[in-house]
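Here chain A shows up in two complexes: once beside chain B, once beside chain C.
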Partner chain A sequence: MANLPSNPALRRTLSLAPALGIIGIFMLIPVGIIAVFSFLEAKSFGGVVWSFSTDAYVQLLYERALDDSLILSPGYLIIIWRSFLLAGIAMLCCLVVGFPVAYFISRQPLQHRNMWILLITIPFWTNQLVRTFAWIIILGRNGIIEAPFHWVGILGSDDTLGLMYSNFAIAVGLTYTFIPLMVLPIYASLEKLDFTLVEAAADLYSSKWEAFSKVIIPLSKPGIIAGCLLVFIPSLGAFIQPDLLGGGKNMMLGTLVQFQFSTARNWPFGAAIAMILLAAVVIFLMIYARAARGQQKMELH
Partner chain B sequence: MKTMTFFGLMAGSSLIAGAAMAEGTLNLYNWTDYTSPEMIDKFEAETGIDVVLDTYDSNETLLAKMQAGATGYDIIVPSHNFVPIFISEGLVQKVDATQMENFANVQDRWKNPEWDPDQQYTVPFHWGSASVSYRPDLYGKELTSYGEYFEPSENVKGRIGVFKTPEEIVNLAHLYLGQDFCNENPEEMQKVQDLLVAQKPDVVAYSSEGMNDRLINGDTIITSHWNGYSFKGRKLAEEAGKEITYAYPEEGVIGWSDSLMIPVGAENVENAKIFMNFIMDPKNMGMQSNFAGYGGPIEGQREFMNADLRDAPEINVPEDAKMIFSFACNEKSQKLIDRVWTNVLR
Partner chain C sequence: MSVAQAAALPIAERARAAVELDNVEKTYGTGKSAVKALKGVSFDIADNEFFTLLGPSGCGKTTLLRALAWFESVTAGTIRLFGEDIVDVPTYKRSINTVFQHYSLFPHMSVAENVAYGLKRLKKSKSEIEATVADMLELVKMTDFAGRLPAQLSGGQQQRVALARALAPHPKVLLLDEPLSALDLKLRQSMRQELKQIQARTGITFIFVTHDQDEALSMSDRVAVMSAGYVQQVGTPNEIYEHPANRFVAGFVGDANFIDAQITSPVGDTVTCRTKGGAVLQADARNLLEGQRDVTLFLRPEKVKLAKVGAATVDGEITDIQYLGNSTMMQIDIGEAEPLVVTEPLGEVDQRLRQVGDRVGVILSPSALQILVE
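For the complex of A and B:
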């Protein structure tokens, strides 16, 4: 202790150094590389040419015609829109399924809750790819869902419900993969919730719905928002589910980035899309921070 | 004292590593499921060289890794259309295969190929073809043209499988339309795009994996396929009481050939050359073919191949069938391919 510098400013800097170092090395530098690459020119067979260019960002909105004029092209915007839509659907599905689960667990006797939480996290122990493959067996032709229809004879031997290789299958896959990320933060909020407040609401003649919507929901809002973000953000960049369950028919942001770095060999464009994705995530985090601050203010009143 | 032991161990282990290197290591970087363990065992037993295997799943991955400066590999196995890129990008070194003892075993058609005319950089490895495979029991007749694949009739609608590698699928479209590969003509590329966009509603999945699974369970009736992969699928289908046939449509099939190359900066160049010479022995290449399910370039290797593979229709191109080799497209045509692909999948 005696060796610590007496200057408080220096002491603070030194004690923050490990955290700053980690953020710098593992976050700022890689993101910086991506940002720099997105403003360079693409080399023919992968890699970058070190000259400044905004081509990668222009390419997002415009297509270069053969006479080098620029034409507005919605292609990539459609991909971005589809990614947001599917991520949003996955988020809502997770919320609808996850909230009751979290509520149920938080109402269990204390000694049982850890067991339930353990059960929620068990799927995390298996590789995501394997779990996604399992859905092919469930949703696929002659799969677990279809088999009874074949037995009863509603489906002919060569017919299918067509559940696999669709947007539906992608949504199912995303919901399944990310649902623990919704349950856990909501549970954390609900566990701290003082249920005597709900009883108080009932004493004051609120209906069950009013108690739910005016007491439970507002008090668990930080958990709900955190859960929504934790599901929405990775869904936005997901590429295993669209590829395996969606049949790779429609690109999403994650598959688009992968395509640019591998087959299309356009690193700057891939980096530019990654930057757009990052910007979207930062915007959502700022919305969250603002909502959380509003929450704190409300609690102080 | 503890630190002393630790450093002692460190020094010891680095000595061992050094010794192993002197005796011989070969760092082989090859495609997934593409290296016969039996052949590697034989090589290790004969030469005393330890083989360390690492794998990749596409030429693009290999190229990206090499360009990012990956080192520690002594042999890489790019496809013929990527060979000129590796040479022009300065990523590989000369090996001069013609000076190797076993080079005389290479069949004439695989000597001095157009992608390495003087045989300075490559040693030929497996070759094969890409076309379409189908379920004759569901399709009901013989497939003779790509027409049914790109413009499916009623009973195949919605049950088409397509590669996820744009170059190959664009080349199949060119074959069907009677156009040149690596096309730089925007109008002809537009025709390819129109064809693929029109086909899309009938496509179950764009994927270069699991083609056999989807054929066998009936998700697809016709799918783009590689000959060796389709050979494995036919075996699996037979076990399930179904059929898979690899088609040789009248428009032709796309040929490909993989080569062994030595990257710049390889640490064990001599061992790599020993391996190259070893693989050009008929017995060794035959063994390798048995594992990979693809034909090879060595005269006399048939003798050492399993009968079912040796006589398989998938690897024996019929006399009257055309096999057309693709080549590395220049930047302009590559960009057109990428744009077509993005427009199809957006």
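For the complex of A and C:
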């Protein structure tokens, strides 16, 4: 420590250097490469041709006809719409299921809470791919849900409820995978909440519902927003769930990007989709930052 | 004076009792681990009274307050609010509001929104809410802070907002849970006066919980002293201080000397007793039970007068002197089990006149020496 420079600004820069280095190497450079690729031309068998082009972005909205004119093509917009829709549904399902769970844990005696949190995080220890496959056994043809219908004879031997390979299956998979990311931040908010405030609300003529909506919800808002972002953002770019449970025909942005870099061999287009995804994420994070600022004001002392 | 007698209000007063507690019991847990926090608590609180629950921590005063607010249910007994049994009426339907110990202001709402909260839940009209909030903020001198968030206020200011918030719906009874305990001494003393004035101006019955005897004596119309789940005595501050019902009350409210003695004379207005140390004293006989021979005499330190050796009731030796600014507190060995604690106002007496080791005469007047009911 003796050889640190005496100039405080320089010292600060030096001590931040490792963190800045890691962010630079592992985040900024790859994102920069993707950003550059999205403005280049595609090579026929993968890779890029180094000449500037906005084709990749045009391709999102238009199809190029044989005579080189552009025809509006909704195909990719539908995929973007489906991604937002399914991510939104997964987020809401996680919130509806996750909030009561977080509330329950936060009301447990202190010595039991960590055990409950541990139980919530246990699924993280298993491979996500394997866990998603398990849902095929549950939802699939002759799966756990369908089997009783077959035994009773409501469904014939060739019939199916059609649960698998649908938007429904993708939403179930996303909700299941990301629910701990909803529970944990909400729990962190609720655990800090002073429950005499709930007593104060009841004292001031609030019914249970009013105490919940006027006091508990507003005070756990930072946790709810953080949880929603943590579920929504990875759901938007999810790849495993739409691929396995959607059967490849219900594409989402994540599967589309993967498809462009592998089978379709159109790197610039894949990069352009990734940039759109990134822009969406940044917008949501900015909304969060705004909400968090309001919260800080409240905790000012 | 028995506890039961002290608890009952005169019949004319009973008719307008704000709160009647009848044999209220509260037990936590079951079986062997059961803990009784309230044991047969019965007393009445009159309308428009500043009533204080006084006791050490763990005496049950907070449990009783929480039972009144229905944050906790009672195990047995009835609680009536202006004649109506409210044992099964939930918190949010009771016309009782609470000032919480740590204020518990809603941190996401401004001062004005906090004060308006109860009124909004009661579905008051917008104009009425605005008018009441303005009135309340003026009452607690917080008008200039209406737009602030609680986190931007000092402890004393938060206290005022909490008071305004609880008073705004004009409850029938206001509960105050040690509201001054988090404030510093000077602020605490000025808030005492202010609370008392606000109570008089609003005409709302205040039930004030505290472990601080000075607070209880200085603000209350009447005080209930609690210990170990029992109500030990209910009475005016003067009754509690001058005529404590038992040894606990005598020792908890103010300082007290206790002297064990035996009755040696027939009973009149005063009795003669002989102490274990051999002194013969005259004591007030009003609390003496029939046939009782062994008694504990009780004496406030400031009721003792000092005189020259030989010119007083007993003689003793000063074993300790504490200078308290406006008075001195001395311990005087008069040959009993415990040295006598005596406070003497300084006034014109120079504290250097008395020194440890001095022999003094101690005047114990019969009116100051009382027999304690055990």
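Here is the rule we use: the second predicted complex is superposed on the first by the 296 of 301 C-alpha atoms of A that agree within 3 Å, B and C clash if a C-alpha of one lies under 4 Å from a C-alpha of the other, contacts with A are read in each partner's own complex, and residues count from 1 in each chain.
Simple rule for what comes next: a residue touches a chain if its C-beta (ideal position, glycine included) is under 8 Å from a C-beta of that chain, and two chains touch if they have at least 3 such contacts.
All values derive from a computational prediction rather than experimental measurement.
Asks: Sharing chain A, do chain B and chain C clash or fit in the superposition?
Replies: When both complexes are placed onto chain A, chain B and chain C end up side by side without any clash.
Asks: Touching A:L70 in the superposition: chain B (first), chain C (second), both, neither?
Replies: neither
Asks: Regarding the shared-chain residue A:D194, is it in contact with chain B (first), chain C (second), both, or neither?
Replies: The answer is second: A:D194 touches chain C but not chain B.
Asks: Mind working out whether A:A291 is in touch with chain B, chain C, both or neither, as first, second, both or neither?
Replies: neither
Asks: Determine how wide the angle is at the CA centre of chain A between the CA centres of chain C and chain B, giving a multiple of 10 degrees.
Replies: Superposed on A, the angle at chain A reads 150 degrees.
Asks: Identify the partner contact of A:L16: answer first if only chain B is touched, second if only chain C is, both if each is, neither if none is.
Replies: neither
Asks: Which holds for A:L85: it touches chain B only (first), chain C only (second), both, or neither?
Replies: Neither chain B nor chain C is touched by A:L85.
Asks: Looking at A:D203, would you say it contacts chain B, chain C, both, or neither? Reply first, second, both or neither.
Replies: In the superposition, A:D203 touches chain C alone.
Asks: Quick one: chain B or chain C, who's touching more of chain A?
Replies: Looking at chain A, the partner in contact with more of its residues is B.
Asks: Applying the touch criterion given at the start, work out whether A:V215 contacts chain B, chain C, both or neither, answering first, second, both or neither.
Replies: A:V215: touches chain C, not chain B.
Asks: Could you state the shortest Cα distance, in Å, between chain B and chain C after the structures are superposed?
Replies: Superposition on chain A places chain B and chain C at a least C-alpha distance of 46 Å.
Asks: Give me the intersection of chain A's contacts with chain B and its contacts with chain C, in residue numbers.
Replies: Common to the two interfaces on chain A: nothing.
Asks: Where on chain C does chain A make contact in their complex?
Replies: Listed in rising order, the residues of chain C that touch chain A are 69, 71, 90-93, 96-98, 100, 102, 104-108, 117-118, 121-122, 149, 151-152, 165-166, 169.
Asks: Using the touch definition from the top, list the residues of chain B that touch chain A in their complex.
Replies: Its residues touching chain A are 58, 60-61, 63-64, 67, 85, 89, 138, 164-167, 186, 200, 203-207, 217-219, 331, 334, 338-339, 341-343, 345-346.
Asks: So in the complex, the part of chain A that touches chain B is made up of which residues?
Replies: Per the touch definition, chain A meets chain B at residues 44-47, 63, 66, 75-76, 78-79, 140-142, 158, 160, 164-165, 243, 247-251, 259, 261-266.
Asks: Would you tell me which residues of chain A are touching chain C in their complex?
Replies: That would be residues 194, 196-197, 199-207, 210, 214-215, 218-219, 297-301 of chain A.
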